[in-house]
Amino acid sequence: MTASQSSNSDSRDLRPVRIERGYTKYAEGSVLMSTGDTKIICTASVEDGVPYFLRGEDQGWLTAEYSLLPRSTQDRTTRAAARGKRSGRTREIQRLIGRSLRAVIDLEAMDERTIWIDCDVIQADGGTRTASITGGFVALYDSVDYMMEEGIVSENPLKEFTAATSVGIVDEDYVLDLCYEEDSSADVDMNVVMTESGKFIEIQGAAEESPYTRSDLDKMLELAEDGIQGLIDAQKRALELI
Amino acid sequence: MTASQSSNSDSRDLRPVRIERGYTKYAEGSVLMSTGDTKIICTASVEDGVPYFLRGEDQGWLTAEYSLLPRSTQDRTTRAAARGKRSGRTREIQRLIGRSLRAVIDLEAMDERTIWIDCDVIQADGGTRTASITGGFVALYDSVDYMMEEGIVSENPLKEFTAATSVGIVDEDYVLDLCYEEDSSADVDMNVVMTESGKFIEIQGAAEESPYTRSDLDKMLELAEDGIQGLIDAQKRALELI
Amino acid sequence: MTASQSSNSDSRDLRPVRIERGYTKYAEGSVLMSTGDTKIICTASVEDGVPYFLRGEDQGWLTAEYSLLPRSTQDRTTRAAARGKRSGRTREIQRLIGRSLRAVIDLEAMDERTIWIDCDVIQADGGTRTASITGGFVALYDSVDYMMEEGIVSENPLKEFTAATSVGIVDEDYVLDLCYEEDSSADVDMNVVMTESGKFIEIQGAAEESPYTRSDLDKMLELAEDGIQGLIDAQKRALELI
Amino acid sequence: MTASQSSNSDSRDLRPVRIERGYTKYAEGSVLMSTGDTKIICTASVEDGVPYFLRGEDQGWLTAEYSLLPRSTQDRTTRAAARGKRSGRTREIQRLIGRSLRAVIDLEAMDERTIWIDCDVIQADGGTRTASITGGFVALYDSVDYMMEEGIVSENPLKEFTAATSVGIVDEDYVLDLCYEEDSSADVDMNVVMTESGKFIEIQGAAEESPYTRSDLDKMLELAEDGIQGLIDAQKRALELI
Amino acid sequence: MTASQSSNSDSRDLRPVRIERGYTKYAEGSVLMSTGDTKIICTASVEDGVPYFLRGEDQGWLTAEYSLLPRSTQDRTTRAAARGKRSGRTREIQRLIGRSLRAVIDLEAMDERTIWIDCDVIQADGGTRTASITGGFVALYDSVDYMMEEGIVSENPLKEFTAATSVGIVDEDYVLDLCYEEDSSADVDMNVVMTESGKFIEIQGAAEESPYTRSDLDKMLELAEDGIQGLIDAQKRALELI
Amino acid sequence: MTASQSSNSDSRDLRPVRIERGYTKYAEGSVLMSTGDTKIICTASVEDGVPYFLRGEDQGWLTAEYSLLPRSTQDRTTRAAARGKRSGRTREIQRLIGRSLRAVIDLEAMDERTIWIDCDVIQADGGTRTASITGGFVALYDSVDYMMEEGIVSENPLKEFTAATSVGIVDEDYVLDLCYEEDSSADVDMNVVMTESGKFIEIQGAAEESPYTRSDLDKMLELAEDGIQGLIDAQKRALELI
């Protein structure tokens, strides 16, 4: 139930990937996703009904929530529940995860049903939002299997595999799958979500201080594409499809 | 104090732009930014002091807030104050505006001082986040002038002009500066923030349902670059620099 | 679409009034109300349905919301959304606006329908609550016209014109329509809402430090009555009724 | 320690008043204020320090809080703590109480010290806000005595007695000190706060549906003045000053 | 309507108990409960309907709310409404009160009906949570009587009398019914809720710093049992049953 | 680093225990605590400073936070952050964990330093609050070791080992260490926290519907004592002390 890819310290390689399915017993899909020292519990939960704005539309919904355990980080992070609200960063990340996974599922083939993707980071060493998408897809895949087996849906609503990674420019070097230390000193930080067929679901590239050129963009996108194909291989091995 | 660009209904052109400075009297910079039917009051306010996380770092800060007036939209939008919190969308937009404008200002040349960019949308017809950046930059420019005149800063901290626009794919056509109706039916929606020298500060391109190819990306970026040069011209005319 | 009244610096006169209709395009009524340097966007929005406490009562409702743009004031005001709640002052003002306008509309002639009056202050130089009532009435008038034209209501539910102004005692002098500076140094500050027929809807007169006599009260009410008749003239000119 | 005034069912008379001092043992002033079936625990608490906006101004502050016990009303009222915020009505009332009592105390004679007036309604039968002022003044008086005895202040900061009552028009009749049933059916409802010397601290007169004339106003103010003199007598008897 | 038990200063005796029924006029049950200087208004309110999680289960519900008046304590306590939420302590106490009273009522004999027990502490000198249970039971008893008389329920749902008290170890001495001063210096503090037939509904015994032995536990439970029988006698006298 | 105890299906035995230290890398103490199917990540974080109420008291503090991952439960639980506040149950549990662990640590030997115990339940099958105490103690032990090694404290502030378990009455049978199914149908549910020397830190025993006798209490406490000694053995094996 577990796929690994051997570690490689070259900055243009992915960090070691490990995808452990069946991590907890109640969720319809439950994955412990690791990339380097980043570790995230991704679960998929299937519920009847859809949010208010979709009632009567005869389609399903997929939404994501993201959270850091307080001591997943170097210094303890205050819980959102203690502050009484989620930070802007948290909301932005969960919107990205939801949007990315909705792009590869046919919501109309799900009837009025909601899939919750919960991504709880237990150790954060950079790339938590992209690892949430990569791991979340595997949990989603398992929950779709569950729905097929139970006869909840009659045809598979998944359209394609998808995975995500980060690329950036650190000390004038292009870097794939940035760890926290690299991310902190990056001049440019870009998250890329792609499908197995090589199409973009989302590109988010922000210059921290020094804006980047068109040529930088091209090189980063090539690197991201390679990385994402490697991640999709890892997803398939974990799912015992290859 | 006002710059306009003649209207053009071709979908690959910008909508008519109008930048009216000195719109309200108390703010250090105050602009009514219009692009098509989208109208936003952008103000820049200079305050002493910096947020907690920067105290003692001997640098300044720039932050943005964004809000829709309830009846800026087709149907009335509930106020954030009535809900008791800002939506995820609002937080995501204000983070983008802040990040984009911080990329063209030298925070270390500002001492411990904060510039607030407030973007209050009075009429929303698509592209409010990018128009907030374009108009917000002009308000920022005026507030920097104020600081120079008052001797609050000794050298100009602005590094370059910046503006932003949206591009997308609607009915298999590439479209620049999407209005609300185009945006609602777009397959791909991309926001691009660039500097006058043609570098990217931010690219955010999301596929709503159909992922997009590399060639789509290239064509959208070209369109965005043309649009942004047009917007920077409009900013300069409003500032009476050309 | 615009009514002005020539400026007059005498403290017992109204400040220059300007009422600009059709200010934004989506609302059923939309007015830019100015009195002196105070400027407020007042919109009226018509929605089906009524609040919970009126369901099944076969009558309509009118409610108001009031907000200051952060830089409508000399120093930047924190947004209610950032604090997570509205201040006591804001709630008190929106209750006053709602109560005042409900007094001149026959709610039973509206069926189960709600009119929202949104008053967003873009520049605050005193008298924002009374100017919200005066401008809000014009937006309400236009929204009622819209409902009549669309056949939403069969008879006009408006009973009378209404407007509001402030009066006070500043340095032992009676003052009409106080600007911010006068208001700050006033010993007594009174808001008066009257109908065209000279009846009171609301009187709110508070001594800041020195309680006032019955004779002071009488003189302030006379001054208010004159001012309100001037404001109702301005409303009618803006509505092209005179 | 208790003052009563014999009951009288004439609508132009006060309801029976009862002011019981020393109701609870910890507060510096603690009063059970009754007017008819309205019963309120009013306490005055003296604390060192002033709110943020007054620090370093070398003056004191007085502020009020008001709350209904859930079952003080005919039907159970939800607690503000359960809703997570106070209603607009509550905030408006506590601002009125604070403003009224601040008008009769010399804040500069108190050093940097805050007096909290807490008004907790245990039985609500109309007129709770005015009874809070009348009873709150007695608690305040006792807390000032405490400060004098303890040498916390050297001279008495109280300037005058004050009390408050309501007047209104019910079924075309002028009514003093409205109970809940009268208040519910009143066409006009006015709260008046006066000093012993006959000056107004606050007048708040709102027409529920039918605006009122100048002559109505005059008659209501006369009735209020009589009532308030009766209440000040009751305060003095409770304080054993007459 | 009132039951007292003569005071006794021995630390192994209850403090003087006073239970005054009919304290306020609107609630179906309304009691002023005093034990020593602790005074609590306990009301029982009967409402139609049950919370969401019980709808359609054909049974009733009983829930409790607890609150301190700000100046019920030595120093003024901030209102939960001002903080926007209830403290952990408050929530823990109201859960205990609700649980304890639900244990002696047959919810299935109440149809879909909710009884709210509101416990508002007006003077707090230790033991407020246990006095809330003892006094709340009497209010509950009266509200059940009301339901019987009105024919709202056909058979009495109460199963047994219940009361509660505290016991503890202070300076190596076993103490019953701790006042605030004793509670503050106690090494062990235990709350015990028992029925008339001598069974436990709840035991909560916490060591503040020094864990306690089994023999300590036994002695404290004996003391509690005696105290609770005394309290049940006081309840019955107040209810005029003995 | 891991201690297990062989499974035993007898209801008077503990479920299999597994304590895995060093589970995440940033926290000063980090444990994956399992008892049966209940799994909790317990971390201990050491921070400089103490909460406001202890400043200047020259002592340390220990506090706990507790949270369920949304899909740790059979049905998905809404996040506290989505509701904007923690439930009463959560607050009650974290107060219990904090109180229990503070009873075995000498806060005065820690200087002004705070230890946070975070208990994040990843799989909930009953007994999460007691397992949080048992696992939290091991994380605390490791964080104290860290402070000793770093020279942050000079002497070991831990006074004794402590662990906790639940006991109850299910179908007239005494049961130790209840799983969710047993807990749901229990007539009595009791949590017991004891030290190695056999003293009680906390007893919380609640009857769900049927109050329990003194003899029931005695039998449950014996069972609890046996279980806790077994858990302390498991803690020591995990810490490699036996």
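A, B, C, D, E and F are the chain letters, set down in written order, and residue numbers restart from 1 in every chain.
Note that a residue touches a chain if its C-beta (ideal position, glycine included) is under 8 Å from a C-beta of that chain, and two chains touch if they have at least 3 such contacts.
Keep in mind the model is a prediction, meaning the values are calculated, not measured.
Once chain E is removed from consideration, the other chains connect through touching as one piece. Looking at the partners of chain C and chain D together, they share no chain.
Just one of D-E, C-D or A-F has an interface built like that of A-B, with over half of its contact pairs in common by residue number: C-D.
Overlaying chain A onto chain C using CA atoms gives a rotation of 120 degrees, to the nearest 5.
In this assembly, the C-alpha centroid of chain A lies 60 Å from the C-alpha centroid of chain D.
For this pair, chain B with chain F, the centres built from the Cα atoms lie 51 Å apart.
Averaging C-alpha coordinates per chain places the centre of chain B 33 Å away from that of chain C.
Residue positions of chain A touching 2 or more other chains: 84-85.
A ring topology is adopted by the chain contact network, closed into one cycle in which each chain touches exactly two others.
On the chain A side of its complex with chain B, the touching residues are 85, 88-89, 91-92, 94-95, 99, 103, 160, 190, 194-195, 197-209, 211-214, 217, 221. Within the complex formed with chain B, the chain C residues making contact are 24-27, 30, 37, 39, 41, 43, 45, 47, 65, 67, 69-74, 76, 79-82, 84-86, 90, 116, 118, 120, 122-123.
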